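You will see two complexes here that share chain A, one where it goes with chain B and one where it goes with chain C.
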Partner chain A sequence: MKDLKHIHFYEDLLEQANNELVQQAKSEGGVAVGYTCFYVPEVLLNVGNAFSVRLRAPNTGSLDISQYYMSSFICGYSRALVERAFEGGYNFLDMWAGTDTCQQMNRVVENVVEFRLIDNPTFTHGFLDAPMKITEHGNKHYEHMIQVEFLDKLKDNFGVDISDKAIRKAVKEHNEMCKIFEAISELRKAENPVITPREFHILCLVSYACPTSLILPYLKETYADLKKRKPDEKCPWRARFVVVGSELDDYTFSEIMESCNAYVVADRYCFGSIPGRKQIPLTTDRPALEQVCEFYLAENQCPRFMSKDKIEERHAIARKLYEDYGADGIIYEQAKFCDFWGYERMLENAKFLDDGDDIPVLQIDREYVIAGAGQLRTRIQAFVESVEIKKIQKAGGAK
Partner chain B sequence: MADKGLASIYTDKTGIYKHREWRGLKDTAYDYKMWCGLWGTLLKWALGHPVTNVKALFRYRWMFDYLKVPSFYDRIMEGARGAALKASRNNMNALAVSVTDLLDTLFEADLHLHPGDEKAIKAGEKILPVDELIPALIFKGFPDLKPILWQEIPEYLPSLINCHSPEYYIAQTESYGLPADVCPLPVTELGIAIDDDYPVVAAKGFVSCNMPCDGSIMTSALQDRRYQLPTYPLNIPLRWKRDDVQEYAIAELREMIKFVEKQYDTKYDWDALRAAIAIWNEQVELRREKWELNRTDIPPHTGSTMWLYSIFEHQVTGGETPCLENDRKVNAYLREQVSNRECPKVIKHRAVIWNTPANMYANFNAWILNCWGVDVVADMIDFMGFDTIDTTSEDTILEGLAKQIQGATMRVHTKGGIHVMFDDLWAKVAEYNADMVIMFDQISCKGVGAINGLFEEEARKRGINFVWVKQDLFECTSISRRDMREDINDYMSLVMREEPLDPSLVDFDDSECW
Partner chain C sequence: MKYFGGCDVGSTYTKAVILDENGKIVADTTLRSKINSEQSAIMAMEEVVGKVADLKSSKDLTYLVGTGYGRNKVPFADENISEISCHAMGVHVTNPDVKAIIDIGGQDVKGIAIDKDGTVKNFAMNDKCAAGTGRFYEAMARAFEMDLPEFSKLSLTAKNVIPITAQCTVFAESEVITLVGEGKPTDEIAAGIQMAIAKRCFVMAKKAGAVDSITLTGGCAKNDGLKAAIEHVLKLNVVELKTDPQLMGALGAAEYARQKGMAN
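Entry: the complex of A and B
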């Protein structure tokens, strides 16, 4: 297939956190708010003149400094963020919307704040204490925390408009973007899709890493291009997988999948499109903030949710994606040293085994910087082959 | 014998005593008397239900560890004299009474031991299994139920008694694909579930919780899968020091009470709770007095028996009369020694230990005092349950209980933001006039590991002796007791340039020791 429109521009944007569009938004008076977790409602950071940047640490090399300050048993993403902050890579941030949802990420923000790593005199931060199950009082608590830790701080420190009207406007724009992703995601259901896993991963990443209002026009053009695009005559994909797991902001992962002729049909991981690129329904009878908060808690599929209903829901969603997208298997990926996903991949593997309907599941752990991960390639290759063998066996071929 | 050093009584590798420790006539006699008292408790328990107990011994791998209790007690109070010895022996013997009672309650209802037995089913219906991180005081409002901190008996206590106890269960969990970098405490809990080594009772519900860390949250979900009981996952705010999260914490407690009422068809008894809280409040006062006494230049009771009892009291026996009576007795011993200006130990340094202690080396405090004269006057794990509870109304009670639960063991420091753990260390250094900090680098504890650098930098700024000791909580195969001693030995000899008080203890092989 010929190159997708703007794909090289997107690749450039992903080369640094403070990318061209972030710089443009800042120069236009925007307030840059960094965040790292789905628990932080992205759309609420895009109210008024504020804009969200989901933080990445592209081109991470040595992690010597952060390793010294954080020990070597901390997840690579956390260490990379601290390392990059030490290097001054996040000085463009006006605020860090931190979360106490994962203890390592919580400590990232604490290190950043305590060591004053952001060289910006107006820099501020907030911490979100979020529930691990859905209840009425939990929703209230969550909404309160978002109000006082993020919205009020945006208003008080930067004069950002956080009114109901501003929230509704942000949701409208967010939904416009999500609509594009929902449509592109549908394209992945085709037998020989017109978009590659790498391309989809890149689109998704830029949508998180750039101001929504500035990336949206490009995404629209890319989608228009996709609608006209013709796939290669010969379908290159040997197997189709749902990828479920933890933070994954390096599209090298999808490149490795491609190199094994494995197609990612659904991306249910942090920085993925499911559920992050799902439209938020709003009604006019209740405050927008309340509805947005409810939506983010309800859609959140972090393994941190510990109530039985949510555990079952996570399992059911993985299964549904497998069925809806015509997948051949599920890959559970875990950022090395992530406690939540370390347990979750083990639990899910056991659950799928117990279900007894023979859905192939692969569990992998990976470093934050994926490039050169030969072991990962070997494991995916082996998984593709095992799935192919199963298909042959099911079709009555070789036993 | 004093010339030969304490290690001369150890059998090589196993550390089993060749003979009892000589502590002078008076203290040895007292120690022996209390040791006999411990045996009395154990024998009374063993002979109470001999068949059930023997069955349990063969059914549960962890039960064998309880046979090692007398040896464990000797180890953790090694070298203790005077009031410290009395306090240690009394505390630990009180703990033995409480644990044997719990074993009786548990085994009576255990369907592993009495499959299909009506009596066992009936007894089980009164048992309320609760996650071990939830202090049991709140359940005193259910006097007709028997709340049991579910992991305490099979997991937490055995890990202290025998450092090799968790190894098997950790292997069970890891064989299912769990990465080996996860904290071994929740991993062991889960391994016991996987191995079906928790008792099975006819309980009607389970209360799990999100304490103390990410690993524990996840292990709760997996254990839940094994127990197959209706579960209430108690969610406690993480930023627990804030006033504006208390409403959520209290709402969670109310919902939990409703859940238990519904599951067990019972009613919460606020009067029963008030009575227990009155006891608890006195326990808190007595604990404060203990801390106060250790701030003097002659700290009377330091070491593992202090924090171990403290954990047990906060989590299990809060609001119980026998525990309060023991506290009164122990405090009287300590008070007397301080007022007589006696100090039957050599103190060269006053240290604060920060971060969770290593269960696999519970007698570390005793070793460092006996070997190097470093008295651990303040131990992070010992500081919790600071406040009494106002019983004026149901609201004030819940407010107080919410604070007590949010400040449960470990998470009282590791949650709530960095300043909770960070600032309190320097406050304790000042309060206890400490000249040394022993910082446990619990390698799989990511929440604390991620702020190692902040501690290091601050210690440098303050110019305090700051010793890192690596440990892995439950896991003695990754970091052994000998490795932990080596960290201290290196610091004391190379940095402090000091000579040990007891050279026999500097290096010895206890790789096969319980």
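Entry: the complex of A and C
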């Protein structure tokens, strides 16, 4: 297939956190708010003249400094964030929207704040204490925390408009972007799709890493290009997979999948489109903030939620994606030392075995920086081969 | 007569096998890998092709499959297949009764469960570090100033096992040197090393679904001390293969080549 419109521009944008569009937004008076987790409703960071940047640490090298302060038994994502902060990579930030959602994220904020790593005199931070259960009290607490830790700080420190009207405007723009992703995601259901896993991953990453208002026009043009695009005559995909798991902001993973002729039909991981690119429904009878907070807690599928109903919901979602997208298997990927996903992937593997309907599951434990791609490729290729042969046998095509 | 090739370019050794239409091995070779995978593959293929009178070059093979670490560097290969699938198939055609494999390669350890048709049922892989791999054995043999065959038999005379606590290859080598310096019996230290690796293998085999018996493939399959440790201490029966276990990846690749070449 010919190159997708803007794909090389997107690749360039992903080379650094302070990318061209972030710089443009800043130069136009924007307030840059960095965040790391779905628990922080990004749409609420895009109110008024504020804009969100989901933080990545592209081109991470050695993690010596962060390892010294954080130990080596902590996930690579959190260490890379701290390392890059020490290197000055996030000095463009006006605010860090931190979370108390896992020990790793706690340590990131702790180090960033304690060592004053952001060299920006007006820099401030907020810290979200998120509930571990979805109850009426939990919802209220979550909304309160977001109000006082993020919205009030944006207003008090930078004069950002955090009114109900501003929130509704941000949701409208967010939904416009999500609508594009929902449409592109549908294209992945085709037998010979017009978008590759690598391309989809890149689109998703830029949508998180760039100001929504500035990336949206590009995404619209890319989608228009996709609608006209013709797939290669010969379908290169040998098997189709749902990828479920933890933080994954390196599209090398999708490149490795592609090199094994494995197609990612659905991406249910942090930085993926499910549920991150789902439209937020709003009604006019209640405050927008309340509805947004409810939505984010309800849609959140982080394994930090350990109640039985949430565990079952996560299993049901993975199964539904497998069925809806006509997948041949599920890949559970986990950033090494991610406590919650480490437990989740083992549990889910066992649950799928218990279900007894032979849904193939591969578990991958990977570093933040996907080095040693050869070995990851071997695992995925072997999985593709075993799934493919079983698919052929099921269809009665081989002895 | 049609001929089919399999070339397994490993990180330490490159192996090649040629099969005839009936699945009989007509030529094989095992060479030390060069730093350049393509060069290793060329050398191995030239050698096996030279052993078959009907063949002048790799191009004369009806179908050629590359496998192993350098699988996509095999010249003229029709396809590359992962070494996990190829080891499973290689063992299956050698002994269809074997259902689980521990493959100890130069840079990783794999546990593989085989389905009834020779395909992979399940697998587990340790690729995080060199502990328990061929590289680990090389480092240990170096610490004892022995070659690998000599080192592999050293533990067989041990009456006791001195446990090795370090998992890291570098630290384990240092620990072994300290123990040797303290005058501890070398066979008992070697038994500790074999035990440490056997335990790693045990975990991989169990993760892949091994029940009571396994076979060993890869270069380390020729290690008598490891085999003894797995059998006697870990209570897993190690099935001996009638074909060189180091050739299983190349054999499996050649068998896949035969199946695909005959179907075309």
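What we mean here is this: the second predicted complex is superposed on the first by the 394 of 399 C-alpha atoms of A that agree within 3 Å, B and C clash if a C-alpha of one lies under 4 Å from a C-alpha of the other, contacts with A are read in each partner's own complex, and residues count from 1 in each chain.
Rule of thumb we're sticking to: a contact is a pair of C-beta atoms (placed from the backbone, for glycine too) under 8 Å apart; a residue touches a chain by one contact, two chains touch by 3 or more.
Computed from a predicted model, the values in this text were never measured in an experiment.
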item: Chain B versus chain C as contact partner of A:Lys390, first or second or both or neither; value: second
item: First (chain B), second (chain C), both or neither touched by A:Ala183; value: neither
item: First, second, both or neither for A:Gln381, with chain B first and chain C second; value: second
item: Partner, of chain C and chain B, that touches more residues belonging to chain A; value: B
item: Partner chain(s) touched by A:His137 [first = chain B, second = chain C, both, neither]; value: first
item: Which superposed partner A:Glu344 touches (first chain B, second chain C, both, neither); value: first
item: Footprint overlap on chain A, comparing chain B with chain C; value: none
item: In the complex with chain A, residue positions of chain B that touch it; value: 176-179, 181-183, 208, 210, 213-215, 217-222, 224-225, 231, 233, 235, 237-239, 242, 244-245, 247-248, 251-252, 255, 414, 417-418, 441, 443-444, 446-447, 449-454
item: Interfacial residue positions of chain C with respect to chain A in the complex; value: 69, 81-85, 108, 117, 119-121, 123, 125, 127
item: Chain B contact footprint on chain A (complex, rising order); value: 68-71, 73-75, 78, 100, 102-104, 106-108, 110-111, 114-115, 127, 129, 131-133, 135, 137-138, 140-141, 144-145, 148, 303-304, 306-308, 311, 334, 336-337, 339-340, 342-347, 349-350, 363, 365
item: Residues of chain A touching chain C in the complex; value: 372, 374-375, 378-379, 381-382, 385-386, 389-390, 393, 399
